[in-house]
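One chain, chain A, appears in both complexes that follow, with chain B as partner in the first and chain C in the second.
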Partner chain A sequence: MNLKKPGSSKPEPGSYQPVMPRNWWLQHRYFQIYMLREATVLPLLFFIGCLLYGLYCLSLGETQWQHWLAFMAQPWVVLLNLLAFSASLFHAKTFFELFPRVMPLAPPGLMIAGQWLATLLVATGLVLLLGGWL
Partner chain B sequence: MNNTTQPKRSDEPVWWALFSAGGVCFAVVVPGAILALALLPAFGGISADNLSYPRISALLHDALWGLAGLAFIGSVICLPLFHAAHRIHHGLHDLKLGGGLLSKVLCYGSAAALSLLAIYLVS
Partner chain C sequence: MSKTINIARYNPQTDSRPQLQAFQVESDNSTSVLDALLQVQQQDPSLGFRWSCRMAICGSCGVMVNGIPKLGCKTFLRDYPDELTVSALAHFNVEKDLIVDMQPFLTHLAAVKPYLINDDQSSQPHRQTPAQLAKYQQFANCINCGLCYSACPQFGLNPEFLGPAAITLAQRYNLDSRDAGKTARMPELNSKNGVWGCTFVGFCSEVCPKKVDPAAAVNQGKVASAGDFIISMFKP
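Now for the complex of A and B:
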């Protein structure tokens, strides 16, 4: 009889040993998009880093705060934040499509539209508040 | 035979809950925050006067007795940090670079440390 304790055995000669190369996800479009979604957190981390730097500058006083505003206006910072903005929208699309499948409370299309509406309302509120219109 | 020992309770539900909460914030709050704090000021949609030191200080520390600032920090910094930590921890495993206890401690540990730093900076 070939009874083996799982995990503690050496492979039998000639037994099937699947090999998982590091770039396995490059071989199918579905997994490429999966990895792209995993990667959306990298530009997010850049934006969070900007905010932490901003909080630090704010705690130091007005001069440092002006430095932060100038930092945020540098082309490479704006470019990376543009990337973070696109990443957040891509993440939102995948996340919103997942919700009706995990918790089907209403027709999927309605739930997805409702979530985009929430994003739009929060964005409008923040822009109006910080832009001084509120 | 000793089968009376309790199975060890997994801590994974905590990380998955923080991941989900962070995912909601990343999808619903972060786009607006990037727009209002990074993109619109850079492209001239929001003037520097509205982002002046006294105004932002007041919004962050005094609006709604400081609760508005805390809610902003929580939904744009802390929870998204745990979301990012989770994705990086599992992404490292996908790339066969980690996924073990070390990457778990490093990922969630830095998310916790940076969250505490953010809360310390607004308080």
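Now for the complex of A and C:
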């Protein structure tokens, strides 16, 4: 973009061009929380890796499946998955709060409550369905 | 009581970068940052800053107070401890002291064709119901102060990003029942420096002195842009 004013033939007096520091997101709390929201994808990646590994083990047969179950029961795996779970709850909270602002279909409070209710219903449904299987 | 105000001074003829200079100002319950700057100017007439209305409507007194974009006339010393730091709006080139070059901001505003576009030649007034007005009214409250650009890290990283106020203004006209210019505005919003440059940091809405909620407008723009894309897939 040409920042020179039209019609000025004199050279512009110097102006100071600010540079954004690499750690801009540490500047204040608002940016830190934003980065935390973005970072929730990291533990989720681990969880998805676990799921894919589980599917792969299932295709290999019973012994491998038992091996996967044992893997999933290890404390550090449980811990990381708990982290993924809380991270996705946090992400859901931020998302549910932003949604009514982007699509104002009903009063915000109602929309937020509705989204949590829907999440709870779907989650309970899935647990009942899969719980019956395992 | 007396408070210390550190001001980022920059003289383009002698300095390579802004330097903090401390001043003492008298402050009571009603002293705004702008009042404090005016006091400092009494001590040092070379201090440069912009202001006009003193009542949060002209949008010219934007500065960073302790690193947060604020209107000087709407920010009060009583809300700060004994010391505070005032510097020029972030992400813009500094011309002198607290004066920045707003040209990129103005260029971005103009790029979204911020006016009613329609073929209507009649001289009759355009009627609008309260419900039609309510659709865009909040987005029409922008005073062009530029605080949202200083709050936006995406604009800081990419000065070509249209940015919160310009996209909000586009949305304001797109939602106006008297306007038929959406097709003319969408290419700019769909472009790589348009709505998709936003990652919903949301700080723009936090700092907006008029509660315009630009982050909501930008993300409504994303919905419109996605709709536009889907429709274009079905067009020959």
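Quick notes on this one:
Just so it is clear, the second predicted complex is superposed on the first by the 118 of 134 C-alpha atoms of A that agree within 3 Å, B and C clash if a C-alpha of one lies under 4 Å from a C-alpha of the other, contacts with A are read in each partner's own complex, and residues count from 1 in each chain.
Definition applied: contacts are C-beta pairs under 8 Å (C-beta built on N, C-alpha and C of every residue); 3 or more make two chains touch, one makes a residue touch a chain.
This structure is a prediction, so every number in the text was calculated from the model and none was measured.
Of the two partner chains, chain B is the only one that A:V78 touches; chain C does not reach it.
Look at A:M103: by the touch rule set out above, it reaches chain C but stays clear of chain B. In the superposed pair of complexes, A:Q27 makes contact with chain C only, with no contact to chain B. In the superposition on chain A, contact is made by A:G14 with chain C only, not with chain B.
Taking chain B and chain C in turn and counting the residues of chain A each one touches, the greater count comes from B.
Within chain A, the residues touching chain B in one complex and chain C in the other are 20, 25, 38.
Interface of chain A with chain B (complex): residues 20, 22, 25, 35, 38-41, 44-45, 47-48, 50-52, 54-56, 58-59, 61-62, 65-66, 69, 72-73, 77-78, 81-82, 84-85, 88-89, 91-92, 95-96, 115, 118-119, 122-127, 129-132. Residue ranges of chain C in contact with chain A, taken from their complex: 10, 12-13, 15-18, 67-68, 90-95, 101, 103-104, 107, 153, 156-157, 159-160, 199-203, 206, 213, 215-216, 219-220, 222-223. Touching chain C in their complex are the following residues of chain A: 1, 3, 5, 13-18, 20, 24-25, 27-28, 30-31, 34, 38, 98, 101-103. The touching residues of chain B, counted against chain A in their complex, run 23-24, 26-42, 45-51, 53, 55-57, 59-60, 73, 76-77, 80-81, 83-84, 87-88, 90-91, 94-96, 114, 117-118, 121-122.
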